[in-house]
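Dumping the structure here so I can ask a few things about it.
In this document, chain identifiers A, B and C correspond to the written order of the chains, with residue numbering beginning at 1 in each.
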Amino acid sequence: MNWIRKNIFGLGLLAPSIIILFVVSIFPMIYTFYISFFNYYLPRPNRAYFIGFENYIEILKDGMFWLAMKNTAIFMISSIGLQFIFGLGLAILFYDEFRGRSAKAFYLPLILLPMMVAPVVVGYVFRLLYLTEWGPLNYLLGFVGLGPYSWTASASTSLLSLVIADVWQWTPFVTLVLLTGILSISSELFEAADLDGANLWQKVRYIILPLITRVIAVVVLIRMLDSLRELDKVYILTQGGPGTSTTLVTFWSYLNGFKYFKVGYAAAMSIILLIVTVILATGMAKVLHKEEK
Amino acid sequence: MKKLLITFLLTVFCFAGIANAKPEPRPTFDGVTVTAALHSGPFVNAWGPHVKRIKELYGINLELVGIPVNELYDKSILELSMGTGAYDIVQYNPGWVGDYIDFMRPLDDYMDRWDPGWMDIHEGFREWENTYGGQRVSLTMDGDVMIFYYNKNMFEDPKEMADFKSTYGYDLAPPANYDQVLDIQKHFQRDTDGDGTIDQAGYSDPIIKRGRGQYPYLMRLFAYQKEAGITPNYFDPDTMEPLINTPEGVKALQNYVDTVANGVPGMLQWEWSEAHTCFMTGKCASLIHWPDEGLMTAAFTANTGSAMGFADVPSKANMTCGGWVAGVTADSANPEAAYMVLDYILGPDVSTHVALYPGGGTDLFRQSHFDSAVVKMIAPQEYLDAFDSAIGDIVGELRIPGGFEYYDSLDIQVQKALAGEISAQEALDQAAENWKKITKSLGADKQKEMYAKAMGY
Amino acid sequence: MSKTLTSYIKYFIIFIAVLFFLFPIYWMFITTMKPQLEVMYYPPLFIPPEFTIKYYIEAFYWLGGEAFKNSLIITTCTTIIATVLGCMAGYSFARYKIGGFHLPFWVLSIRMMPPVAAIVPLFILMFKLKLIDTHLAIIVTHLLVTLPFAIWMMRGFFIDLPLEIEEAARVDGCSKWQVLWRIALPLAAPGIAVTALFCFIFSWNEFVFALVLSRKEAITLPVVIAGTRTQFGIHWPIMTAMSAMSCLPVFFLALVAQKYLVRGMTLGAVK
């Protein structure tokens, strides 16, 4: 009681958000969990019947699910890896520009534009860029003697096409967050390093990387959660094809739940996905939590 | 100039139609609102001009809700299965009817009282699109069927004909079967300007891209089944065993895989507009497509200097490959008013105007369309004959519950084979396995009963 | 290596990066001026064949202004609610440590829910509440994603604010409310701008929920853009013109918030 009285102000501030989130999220959560134990084909709503763990067993036995998981893992690791490498590189390039004269560089807002474009639009515009015969990308690559590649029309390059679109859209975000991390490092450290004659690589290795671990963890966590939810771009760019080469697990569950309307099956898949996500996120959160202490 | 004139005439004609159509004695429904869920874009645009006239004639407020075509199925099913009563009229693919049927109102009693020009609708569409299990449930909105188009300059060039004959040992002509399609494709596909990239395609299928890739396969399946003397079928109607991985099926998929593999690069992502553009600009010698191109012969000749040729699809195994119908929902509060709207817009008088609406996306589907003076003016008789004959060859879509999932799971495996990930046999075995799973999960006996209904056994 | 050479190399790399990030956007803008057939033309045209706004007019005719208005209403409400509540809850988490680390983490985990899982149940919920095809339904579902994000962001920004200033104000007799209103919020202004911008971007661009929960009255821009794809494929000039129109407000906001963007990020990043 005493604790409540002491924290009444904080509780008051918190209450509206918690109530909204609770009300809006609790019903879908419980419903999803409940329906995951049913065979429920939506166009036949009266014929839903309880089947226990059968949906879960079916999913784990289904080769398509594991393939989708594999695709998701490849997509996630390669796109986050590339975003991190490019993002860090750009952030280091930019930090010199920002020391002393903050945010004056005109090009910073320019490189932020990709993340503001709707994913639906990104999907469509990249389809234009990837056109095999008429697209500008193959045309430009032709000048350096490469290609023509079939991009989204070939199973060997379609996942790469998806990764490129994702890298294009989200590298700016990674750059921005890493840049702020670097900027928050006390400039005296850099000055001291300059005096000692340290080169760029040494500065990165011994000052920047150790001091922004936390920021790196945050940005990787956020990107990881987002790529596990990646749907719009796949949906528009490749529809999971050719073959099954770009069928990510969210797209697969979207197909099952919202196109085939096997609501129970898709719900079970969502629960499995949620468990995977929470395990991954908890791992990352441990890093954050430790840093915060 | 001729093109301009035709466009002008068409425009005048379409808008004149709004005022000229004569109503039959029909009840009025003052102040009643009817909501129609339509494919956004073409269909909403084509219906739009008639909203005012419907209000004048019947007192009905017609609301048009446009839904993106890729989401039409999911959004409608979600609303219908929850019984929201949001839509009085829904537009759907005949292939989805197995899932829609429980939510649609049979229209027999209305049609008996107010004839929508039923007998005027082409028999193939009446049978395979509008009737289900002996009941009349919908009216055709768009007469889809497949036609083999070819570039006459290329096909009738004496040198090409001689070359073809000497290489393949038979006369160059529209293909009689799918094996010949491969020859034609190989013959015409080439690098015309010698810069090292192939810039002329010999042949293209309709949509190959993931999402609709099952259709070219199914048409081939039925073609090979016909050649082997088997009645075209998806399942054995007695046992509900899938027939897709039979020897005919494997031959069909192998042919499809070869066509795509030999085709121009990038073909795996082609949709309607890519194939259309390729053919219309003279970069594609032949094409199997929906009937739209036949109404654009003027543009084709202007672009290519050639006449457009028309023929039956190989082995005369045709499908609607989509197509659109509209019906009245069972939970509609005003089914009679909704029916009046369908009867008005899709009836013989007005539908001719709707069908010719520029960019409206509707193909001819009534006898009166074929006989219409405007159609005769813009479309060659050869096209109308090919179209008419094609409708007679329709094999019905897979009109059973889960139709969408059967198609899509087949498409996934077909795409895997097209992408070269697995062989045709492996793909089809897997697809058949998945089909059996779907059948089992929806109830094997029920599915068998519905299949018999759908195929008219 | 001389200093000028290094900086030339540096600017060259920056130039390439800017080119890479802007090219697809440039391509979107020039496609709005190419007739449909020109899109499939070899070699691709890097400069539009003519400068025309014809397709913008057609696109606007298709949009009818309605979707624009809906998107604006939904996005503005979502942004304001998420930012205001996010500030309150974020401050509470940062200063009062309610629920320790676990409650904030639960809040973040709501954002992890696969969207597919939520579609059917949210549709049922909104249908029972008779909210389908209303702005409110879409705003509420957008809050499901933006609010956790806003809380998590603002929590980070407030943690980074020096505690001493607030304590001094308390000693001077300010109430808790005044400390929040007069001291903490102004100090966190750049962070608030960034948070609001991200909420705006998300809500403005969201597709799946808006598609499912709208019919005609509450239809939003991304749904209309997706609707330009017909059975014939995509009408490229109209689609890109519509996309360009949908991008402009966000680009404009980003330019306005530009000054805050970097400062906001430096304040605490996304913690």
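Rule of thumb we're sticking to: a residue touches a chain if its C-beta (ideal position, glycine included) is under 8 Å from a C-beta of that chain, and two chains touch if they have at least 3 such contacts.
The model shown is predicted, which means the values in this text are computed figures rather than measured ones.
If you draw each protein chain as a dot and join the dots that touch, every dot ends up joined to every other dot. Two chain pairs, A-C and B-C, are compared here, and A-C has more C-beta pairs in contact (counted per touch definition above). Of all the chains, the one whose CA centre sits at the greatest distance from that of subunit A is B.
Subunit B and subunit C have CA centres that are 39 Å apart.
Computed from the mean C-alpha positions, the centre of subunit A lies at a distance of 15 Å from the centre of subunit C.
Multi-chain contact residues of subunit A, defined as those touching 2 or more other chains: 42, 127, 131, 133, 258. Residue positions 78, 82 of subunit B are each in touch with at least two other chains.
Shared interface positions of subunit C, defined as residues touching 2 or more other chains, are 40, 42, 120, 124, 226, 234. Remark: subunit A residues 39, 41-45, 64, 127, 131-133, 148, 150-155, 238-245, 247, 255, 258-262 touch subunit B in the complex. On the subunit A side of its complex with subunit C, the touching residues are 7, 9-11, 13-14, 16-18, 20-21, 24-25, 27-29, 31-32, 42, 90, 93-94, 96, 98, 102-103, 107-122, 124-129, 131, 133-136, 139, 168, 171-172, 176-177, 179-181, 183-184, 214-215, 218-219, 222, 225, 228-229, 231-232, 236, 250, 253-254, 257-258, 263, 266-267, 270-271, 273-274, 277-278, 281, 285, 288-289, 292.
Put simply, subunit B touches subunit A in their complex at residues 73-74, 77-78, 80-82, 99-100, 102-103, 197, 209-211, 264-269, 401-402, 404-405, 408, 412, 415-421, 441-442.
Considering their complex, residues 10, 13-14, 17-18, 20-22, 24-25, 27-28, 31, 39-44, 46, 85-86, 88-89, 91-93, 95-96, 98, 101, 105, 107-122, 124-125, 140-141, 143-144, 147-148, 151, 176-177, 180, 201, 204-205, 207-208, 221-222, 225-226, 234, 236, 239-240, 243, 246-247, 250-251, 254-255, 258-259, 261-263, 265-267, 269-271 of subunit C touch subunit A. Here subunit B touches subunit C in the complex through residues 37, 39-42, 63, 65-71, 75, 78, 82, 84, 86, 199, 271-274, 276-277, 281, 292, 322, 361, going by the rule given at the top.
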